[in-house]
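Listed next: structures, encoded as structure tokens.
What follows is a pair of complexes built around chain A, which joins chain B in one and chain C in the other.
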Partner chain A sequence: MITALPVFLPLAFMIFALLFRHYHGREYIAVAASGLNVLLSVFLVFKVHQTGMISVQMGDWPAPYGITLIADRFSALMVLVASIVFMAAMAYSVHSLDTRRKSFGFYMFSFGILMGVNGSFLAGDIFNLYVWFEVMLMASFILMSHGGDRNQLEGSIKYLILNLISSFLFVAGIGLLYGKLGTLNMADIAQKLMNFGTMPSELNPAFILIFVGFAIKGALVPFFFWLPASYHTPPPVVTALFAGLLTKVGIYSLIRFYTLFFHQNAEFWQPLVLLVAVLSMVIGVITATSQFEFRKVLSFHIISQVGYVVMGLGFFTVAGLAGAIFFLAHNMISKTNAFLVAGYVHKQKGTLDLKTLGDFYKQHPLWAVFFFISAFSLAGLPPLSGFIGKYLLIKAGIEAEYTIIALIALFVGFFTLFSMVKIWMEVFWKKTPENEEITIKKEQNEIPENVRWMTWASGAMALIIVLAGVFATPVVDYCTQAAQSLINPEEYINFVLKGQ
Partner chain B sequence: MELVIAIFIGLLYACGVYLLLRRSIVKLILGVFVISNATNLIIFLSGGVTRSGVSFIGSEAEKASLETMTDPLPQALILTAIVIGLGIAAYILALKYKYFETTGTHDLDQLSKTDQK
Partner chain C sequence: MKNLILEKIVTLFLYIMVGFAFFLLFRGHNRPGGGFIAGIIASAGFLLYGIVFGSEKVLEKLRTNPRYIIGSGLLISFIATILPMMFGNPPLTGMWFDVAGLYLGSPLLFDIGVFVLVFGVIVSIFTNIMDVLKWNS
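After this line comes the complex of A and B, so read on.
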């Protein structure tokens, strides 16, 4: 039953949230509920780590017919990291968001995102996965346009249309797949594909549609255009939440589908996935260097970093997958924290244009440290968590004899460092340009003056980044075990279909 | 019958893509609706289209036999997809209305205010 709770808790909160929309303590209730969710996820990881996998059949219908929710080590870790990111965003919002947005359901829709994300991580049925995607997307559409600024409306039209198209492609793929195989349960599909031996070519259209759907959701090249066009428009805390959760769900689903289905036709899929990964890494990082807006630089970096994860998946060795899982978890935390710092800069200065900012290190040294930790973790400097992730991935690449791809990944790391140093120099180090006058917009006055909760949230995330880098061994061991069960889908199939 | 529906789905996708490529936001939204319905038809078709009696209920004579009956699951799936599509349609129209109220334009090319010059 514990498997279904990460879905039910946010749902219960959403129903409850309708009651205290105008209540002044709503922020603290939301933080408390997200804290409960973290405790629940810790418990889930603990349970899964003992037994390897736990599952629940909704309504007690047996496996290929009913809807399965299943947590293995990989999905449990993702649920845990998502809950940490979510709690940080909730705590951060207490002092960073205006009262108007708070009283019009910000917390309710945020928990809608959490419900969709947790559901996608735990789904064991492809149509159910689509429904969770829609839950997540509906909530994210609303948060993206929430507040109704002109910029936000523009961003949300772009975001909405391209994400809807990805959903249609995904569900069309599901329809075609069901027409050919007559089942929706992921373990059952994988079992049927194994019985075929070689994958029949009629299934390719369905899998291509599903792959493109995930690639749009995960912002892989060449399907990434919605992301940098929309992520810099909503309030910073919303961007931080999206950056930590949404694209990562697309990548999670891609890893799940690749290991269960796509890899059974490896000679077609492996080169394709590696190509997409390399293109994402290179194009994402190069486009980021030309940007002059804090959040846009970080948005383009999401694309590059998602490429690293897909590269680890493309190697398809235990070491590669373990690196991909570690990197995914690290990226969710570091990226969110970088956006949280951007939000603080925005609150203090009212702008995120790199050219007009400056002197931030002198004025707010603590936040400069937070930015330093998360940005240089993204760039992969030891002893931060990003270094471990990149080290594992590049080592796995060399061991799997993809030396050139591993070298490209190293090279991309230098460019990442370059744009992080650029933000550091422009925002934190250089003197504020004299003739630029920064005016804080009027609507900002509704935001509380206090910054205590923001500091706590960002500081806790920075601490996690450092700790995950210094005490990486248990985490890496856990990721390796998760990768071992991903690379042998028989274990997953037997567990779902036969209950062992 | 399958072939006719398949061709029809293809036509709907073509119309949808054509509408998506127009400059007006209203036409873009209509294109999204058309593609959404074409996708629902794909799921419908995946269960097969056969002419037979009612599934599961009714007397033995009226009831379709297990061999000839159409798979009922895709129809349940479409119900879900249609409801999701309806919710999204309502939201997207509200968003369009708000956008028009704020900016007074239907033109997609005006959507570049937040881009870097």
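After this line comes the complex of A and C, so read on.
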């Protein structure tokens, strides 16, 4: 029963926001609702940690016929991290977003994204997964163009078209798969594939289409172009929310599909996945070094970081998957917090061009600390969470005898550090260039002067990053257990189909 | 431009289409029909009315903002979704009651919600488009 609640809570908030249009303090209600969502997710994680998996059958129809919502350790952790990211974004928006956007449904559509994200994490049926993807995308299209600034519309057209193509490929793949196998339930498909022994070649087109769909959603090389073209245009809080949630859902689905279906044809898929991972890591990090816009640097880094997760998946050992899960969770939080700091810089200075910024450390030391924590966690310095993630992944790579790939990952880490140091030097340390007078554009109408909620949100995220790095052992244990159940899909299949 | 015959026919047609929509809605559980198509047909009646009289008259006729129609439609479906959870069943389980000889259930409630939601969404879309095009003004 609890499995369905992370989907119903955002829906309830959206109904409330639709029916009560003129009310005061909508931002506080949104923060409270997202806090409730965090509590729910914590409860879900505890429940799942006790029993291993919990599921619910929609409408009480038994498994291969009805729609399954299932939470195993991996998806429960993702729901929890997504809820934390979401709550931080909601709290941050209180003092960072203008009143006009707030009163035109910002909160309603944000909860639409949350609903889609939670649904995708919990879905146990591929068509249902597609529907949750669409819920998430519709809400994100609106948030991307919300407010209607000129460059925002330009970014959202690229975003919209490429994501619609990816949805089209995904649903075409689902159609082919359904035509061949006659079932949509993920556990049932996996079991049928196992019974075949070797994967029938008629299924390859469907899986390729689905893989490309996920690769576009997850911004993997060579399908990443929409992400850096659009992520720097909307208000900072929207970018932070998208960076934390959207691409990660594509990667989550890829991991789920790979462990259940693709790996049964491992000699074809494993080299492909590793190749895509390495290319994403390298190309993402190298293109990021040439950027001179705060949010663009971070956007290109999303591609490289996603490559790490897919690399851990490609190793396909318990250690590799555990590292991938840990890294995914760490990346959602660190990346969001880096974007939150970018939003604060934007609010104070009115620009995010690295060349015109400077002196931020002297003026706002607290925020410099927040940026230091999140950026150097992304780069992988101890004792922050990124170090643990990269350590686990590279160790798993060496153990699985993919030494060259592990070394490439290590070098990518150096380049990441280089980009982060570049932002640090340009924005926080260097003196403000004198000839370019800072003109804080006050066209950002009606953004509150206060920054209290922004500080709390970003500070809490920074604290989580440090804690996840220092007290990593229980989290890593949890991730290892999650990886063990991912690597043995029989458990999942039996649980869904036989209810054990 | 005023066309008396067209106006009379369209007004009459509106009631016929809404009536037919309700017929389809209640027929829907066992035979072709249902909330979605009923919502489309009802809003098609209002669309014809709007083409002749303009979007403001449509909103006057509805006496409310389409936003609230969408919200209440979602609310009705949501209640039908979570109602079984109160009795310990999984969400969306069909629950049946014998109300005065009629055999009614939560799927009907869900369908009514879909009807109201689809109706509200389509009315909201076409009144907005008409406002942008400055239809009949």
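Everything below uses one rule, namely that the second predicted complex is superposed on the first by the 495 of 500 C-alpha atoms of A that agree within 3 Å, B and C clash if a C-alpha of one lies under 4 Å from a C-alpha of the other, contacts with A are read in each partner's own complex, and residues count from 1 in each chain.
We adopt the following convention: contacts are C-beta pairs under 8 Å (C-beta built on N, C-alpha and C of every residue); 3 or more make two chains touch, one makes a residue touch a chain.
The shown structure was predicted, so the numbers you read here are calculated from the model rather than taken from an experiment.
J.: With the two complexes overlaid on their shared chain, look at chain A and say whether chain B and chain C clash or fit.
T.: When both complexes are placed onto chain A, chain B and chain C end up side by side without any clash.
J.: Which holds for A:Arg150: it touches chain B only (first), chain C only (second), both, or neither?
T.: After superposing on A, A:Arg150 lies in contact with chain B but is clear of chain C.
J.: Now for A:Met1: first (chain B), second (chain C), both, or neither, which partner does it touch?
T.: In the superposition, A:Met1 touches chain C alone.
J.: Which angle, to the nearest 10 degrees, do you get at the Cα centre of chain A between the Cα centres of chain B and chain C?
T.: 40
J.: Is A:Asn37 touching the first partner chain B, the second partner chain C, both, or neither of them?
T.: In the superposition, A:Asn37 contacts neither chain B nor chain C.
J.: By the touch definition at the top of the document, which applies to A:Ser458: first (chain B), second (chain C), both, or neither?
T.: neither
J.: Considering only touches as defined above, state whether A:Phe292 meets chain B (first), chain C (second), both or neither.
T.: After superposition on chain A, A:Phe292 lies in contact with chain B alone.
J.: Which of the two, chain B or chain C, is in touch with more residues of chain A?
T.: Tallying touched residues of chain A, the top partner is B.
J.: Nearest CA pair across chain B and chain C in the overlay: distance in Å?
T.: Minimum over all C-alpha pairs of chain B and chain C: 8 Å.
J.: For the complex, give me every residue of chain A touching chain C.
T.: So the residues of chain A touching chain C come out as 1, 4, 8, 11-12, 14-15, 18-19, 21, 56-60.
J.: Would you pull the chain C residues touching chain A in the complex into a rising list?
T.: Per the touch definition, chain C meets chain A at residues 65, 67-68, 70-72, 74-75, 78, 81-82, 84-85, 89-94.
J.: Which residues, counting only chain B, touch chain A once they are in their complex?
T.: 20, 25, 28, 32, 35-36, 39, 42-43, 45-48, 71, 73-74, 77, 80-81, 84, 87-88, 91-92, 95-96, 98-99, 102-103, 111, 113-116
J.: Show which residues of chain A lie in contact with chain B when the two form their complex.
T.: Listed in rising order, the residues are 127, 131, 134, 138, 141-142, 145, 148, 150-151, 153-158, 160-161, 164-165, 168, 171-172, 174-176, 178-179, 182, 184, 229, 232-233, 291-293, 296.
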